[in-house]
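One chain, chain A, links the two complexes that follow: it is found with chain B in the first and with chain C in the second.
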Partner chain A sequence: MFNTLQLPSGHITHRGARFVNRFLTPSLFWLAVIALVLGSGAARAESGVPNAVPPVGTHKGDDVPQPIEFPHNTHADVNQINCMYCHTYARRSKVAGIPPTSKCMGCHSVIATDKPRIKKLTEYWENKEPPPWRKVHDVPDYVHFTHEKHLKRFVFDNEGMQVENVAEVCAFCHGEVKKMTVAHKVKPLNMGFCRRCHEANEGPFDCWKCHK
Partner chain B sequence: MSLSNILEDWSRYRKGHEQGGFHDYEHMWGMAIDLNKCIGCNACSVACYAENNLPVVGREKFSKGQAMHWMRIERYWDEPDLGDDRVSEFNQHGANFIPMNCQQCNAATCEPVCPVAATYHTPDGLNAQVYNRCIGSRYCSNNCPYRLRFFNFYSYYEESWPAPLEMQLNPDLSVRDKGVMEKCTFCVQRIRTVKDKAKMENRPVADGEAMPACAQTCPTSAIVFGDLLKHYDPDTDAPETKVVKTWRAHQVELRVTRQNKQNPDLRGYRVFEGLNTDPCVMFLERVREV
Partner chain C sequence: MSNKVNRRDFLKIMGWGGVGATLAGCDMPTTVTLEEGKEEVTSYMIPEEYVIPGVGVYYASTCQQCPAGCGLHGRVREGRVLKLEGNPESPINRGRLCQMGQAGVQAHYNPDRITRPMMRKGSGLTTVSWDEALTHIQSKMEGVSGDRFAWFTDTVSGHQAVLMDAYREAVGSSRHYVHEIINNSVSRQVNQDMLGDPQPRLRFDKARVVLSFGADFLGTWQSPVHNAVEYAAFREAPRGVLVQVEPKMTLTGANADLWVAVRPGTEGVFALAVANALSAKNPAMLDGLPDKAKQLVRRYDIKKASRITGAAGEHIVKTAGWLAERSPSLVVAGASAEGHGHGYDTVAAIMLLNVILGNIGETIEASGAFPFPQLVARTGGTRDVMDFAKALDNKELDAVFFRGANPVFTAPESLGLRDKLGKVGLKVAFSQFEDETTRLADVVLPMYSAMEDWGTHVAAYQAGQAVIGIQQPLMQPLYEQTRGFGDVMLSLLKMRKVPGYDGYADYYAYLRDAFSALPDSLKNGASNDEFWASALQRGVLEVATGGGSLTAKVVDFDLPENPASEGAYTLVPSARLGLWDGRHANIPWLQEAPDQISKVVWDSWAEMHPRTARKLGVKTGDAIKITSANGSIEANVYVYKGIHPDAIAVPMGQGHETYGRFAKGRGVNPVKILALNTDGKTGELAHHSTQVQVSKTRVRDSMVIFGGSETQLGRKIVATVTADVYERTEGEA
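Let's look at the complex of A and B:
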């Protein structure tokens, strides 16, 4: 079985070598590889959530255009707003939810009112219509996923975990949203991804826990 | 890891209860249906259609036996014809009703035959059907002695819920597409909600908290639903559930193929228990004046 698998990978190595010969010196290439491996290892170790093994796996998600280009980095990183301040339903419901426009306007009736995006938001608010936000992280209909229980396990019932650092838990499945502007999907969110985390953290394994 | 999990669990599920099959249950949901109370009104069936996104297939497909009623009222006539004026296909007298939903057998005949392990026994004592795993071989349906598994021969979505009727669909369970087997789940979405709620509040699930749509709708409360494992606990003084009480009152026991009753007047029985399916649904025989 593995012999047949070696064919394409050998092919890729050959192409990789050509690439290295053409553009990089080999030593530089290996340095880059080592740096990459170390860097990813360090990134995984950085996840400081106690009693939790973050799931592994990446996915290059498509960009989902939003009506207003919401800058997550300004809110969650620069101004250090807790994820659950806006996504308030995450801790008590299945879905994390999009905040109502009134929550946006709570701050933005006075903050940064001259910015074009805020002007657009104010326009929606005054027309009394919600901005047509689009869902980025969507699991299939046959999957039952509840934010409530995952937050209970990894944040509220997790000894040594501060609620202020909840973004680290969110990042398990949503990636580093605080470094993004408009959120996009960076984790695969498929069954293998769920299973890896459930096995590492001893979550339930029964099919009907998640499939409906 | 996962494959070994499946194979290990599967070999456990394949065993019957005499051979020490899968018995580390967390709950075992069961029913007691009192046929004395059943008036054959079909409300349970209608409630099931509404709760579980069941398609209405229409007269033609119904006559071909393709109806998708997880809960059906079977009719039987137990009195002989009483005279010429009463001879008809359906006698005016002596009709019996028996509501049949999936019996959630502990030694289910449908489970070991599934080629892809789409049907299996959960730690809740439920006979689960995983729709997205099912490949539609229909072996389980052929093996079910109760004929309580239903196959989607067509994609009913368009014709059964034309817009805007799709708004009435229950979001807590998927709409099954063509080529998938389905069956009564004891309203697992409700059980799941109740269990999640109890876990968030760090307490056990109370009796009567989880209730399938049929039991909730029954106008005469003929259907009693609950956890068959919650006996009286002398340590915590937790009372036994209503369903355990009913089973015990009628001396019906799990894990036997023939009930050993001291009192023959007791009405409880399980359908086809001689087949060693060990169903979790117990019926109370109807008593008639003759």
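Let's look at the complex of A and C:
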């Protein structure tokens, strides 16, 4: 999809490359802008998200072992379940929300009950303990990020956008989670990343919009 | 169009370039602060229907950070209280909340909370079970009866006070000591004697001139948030004039149109001189006053008063002029006027101005009788702590229950409470923190925080519409082994087999029942459940107070010809909205909020006039030793013009020996070295009359002061130019 937009910056990660990151990024930024201008026609045509310029930047996240190796791919890709079916608060709140265990059990009290991962889940359910999931995506406390407003802009108030394609909007910041099992952080989610996207999509630009 | 880039455009361009350059640094990886997989994110097992994670739910409650009783709204997210705001439904604070109120969350989440019951075994306190602690109290209390038992508390009201009374009466005791070092006890007595109402309603909003003698009504006096709301109305057009007369500038003083420094103890002379100046223009003003009062007014002409008070004569004239021109006015007295051997007389002289200016019934209104006398606030000052010390001396007490008050910290050291408390067989502390008094207790009962407990509160100062403030838990208790005050009281009552309490499973059940028992007139036809639900939702319950009226009787009072203190310097133990009497010293937000006058953070300081500093050869930052007959303290000097040269002010609040990691070992406590002088008529501590000597000890110590300059250097807060000037210099707009 927007692989066309992948730039050399993709190889630069924060680890051991701070110098490069610090000094090359501004020029990479301009490269990105040029690439965007050249590639925007193609990107728009292929993307399921109209009226949007996806943000640019990658990050090579750590492997985060989870209590249950949750397969996002089985759910979102193979079975085509909408992200917001489980992350139900995304459209209504600043946080997307980890699905309540009762939601998992809604299906898994009958589906795939013999699989080891489901057995483990059932065990948590019966012990009345939610699985201790580990946080993969976060922004610092001084950043006010809200899922609600972003979904409004790119999905619900976005003319021509199909809600079924919401995963492509999620992917702006979370990467192609539907190709992953447990989530990996693949986008930098730092201020430059936010700022470039706000610039390209004419999002608000006042300091206090995010730092309040 | 010209191609010239003028200076303004150049700056604009540079400005944007600058932003670009700054923002380039924002590609720093956020992993500097965040790492993946280090934190857990817990989901609900089954979601609550009305809870959306990330979206706050607001609950109403009542602020417990000072006795003013403001209503608050707590924002609760995912079961945790995050932010407090004022409750607009409360007539006390009308939607506002002061910094101490805001910082209530840090009292609640404070890492130094006591989390388990403790008992003294040998020399130290040992963790015990609730059963053991309560059984111990009950068995000890079996041998105690009559006045050998006492409560020692800060201001208490509502149903908690009802349960405290029930327990006290079951023991047969009449003793309940209430101690507040920040109080208005002397004024309450004068009000009672002159107006027939200890706490009349004051209308700052109606006054056109306010003359305040050390009443820091925007900071620490009676009901600061309520006063601030009324003050805003007072300052609206036509703008009211504020005159503040005091030895050390308070927050209110800093807002005054005319701030007058007077020699400590001479506030009454200033007041009488104003009366003198008023009567010079209009002799009829003094008609109807007792002869003695007339003589006192005549005694202080401007020249004499100016000599005694140290205030410029023209300031007395100006004040009298404003008062004569603008009516109605309001004259109030605060700590620095009350805290002398002749405190009562000083306040009476000040109140005399209200009488001759006709303010009584205008800006001073009757508060009316509160319909539920059992719920009204038990207030107090410093007299009770001295009576308490006397009772200890005479070995009159076998058991004392402490709640809220910390007298070992907020009473002068020479009262010797620390040792005298050893004479009491059973000292029980209902406490959230290990403060100086709790540390000496025999049994320590860990209490819920104000955000976890139930309660009802009736503020001593009722602002117009009288209310009962409802306190409800904003979240589940943080610690399993803490309990609610009402719950513990019910347990103790049941253990003592006091009839009438067996039916209540907990304090919540008791309150539900108490609300059902309220008269139908309050319920507006609602069922008991609806009535309770709406009380919780609104956070306040309005009650009608009976009319009541005020008298304008001038009491018999006298002042020494020259009431100024004799010694070289008078110690002013100043109070501030922030650390208050020291109860908030364990709250980091309040420690780091700069003092409103000196801008010092996390520390104590000694304020002195530049002239005094020159005489002593010290500068801001030098350390001095302040010695009274009862001990000495050391603090860094802060040189400032907002103080009388004869006064040295040290703020209250710091100097804790214990009280958690944020408070312990920080600064000094001026209350410690106060002399045990008392006001002749009320017996209250004359806390502004201690004479001290000052000597320099060290040069320049470290002291953190926010703000580099004391004045605006003649600059406006917002620069403005007139349209004329603009057109002349910038051309047509």
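Couple of notes before you dig in:
The definition used in the following text is that the second predicted complex is superposed on the first by the 166 of 212 C-alpha atoms of A that agree within 3 Å, B and C clash if a C-alpha of one lies under 4 Å from a C-alpha of the other, contacts with A are read in each partner's own complex, and residues count from 1 in each chain.
Following the convention adopted for this analysis, contacts are C-beta pairs under 8 Å (C-beta built on N, C-alpha and C of every residue); 3 or more make two chains touch, one makes a residue touch a chain.
Being a predicted model, the structure only gives us computed values, none of them experimental.
After overlaying the two complexes on the shared chain, residue contacts for A:Val139 are found with chain C alone; chain B is out of touch. Shared-chain residue A:Lys212: touches chain B; no touch with chain C. Counting the residues of chain A that each partner touches, chain B and chain C differ, and the larger count belongs to C. In the superposition on chain A, contact of A:Asp114 is made with neither chain B nor chain C. Using the contact criterion defined above for the overlaid structures, shared-chain residue A:Lys149 touches chain B, although it does not reach chain C.
Once the two complexes are overlaid on the shared chain, A:Ile98 sits against chain C while remaining clear of chain B. In the superposition on chain A, A:Glu164 contacts neither chain B nor chain C. Contacts of A:Arg195 after superposition on the shared chain: both chain B and chain C are touched.
When both complexes are aligned on chain A by C-alpha atoms, chain A residues 140, 195 touch chain B in the first and chain C in the second.
Per the touch definition, chain A reaches chain B in the complex via residues 140-142, 144, 146, 148-149, 152, 195, 199, 205-209, 211-212. Only residues 14, 18, 21-22, 25-26, 59, 61-62, 64-65, 89, 92-95, 97-102, 125, 128-140, 185, 188-193, 195 of chain A touch chain C when the two sit together in their complex.
The touching residues of chain C, when paired with chain A in their complex, are 23-31, 33-47, 52-55. Partner chain A is touched in their complex by these residues of chain B: 1-2, 5, 120, 122-124, 126, 128, 130-133, 172-175, 188-189, 192, 196, 199-200.
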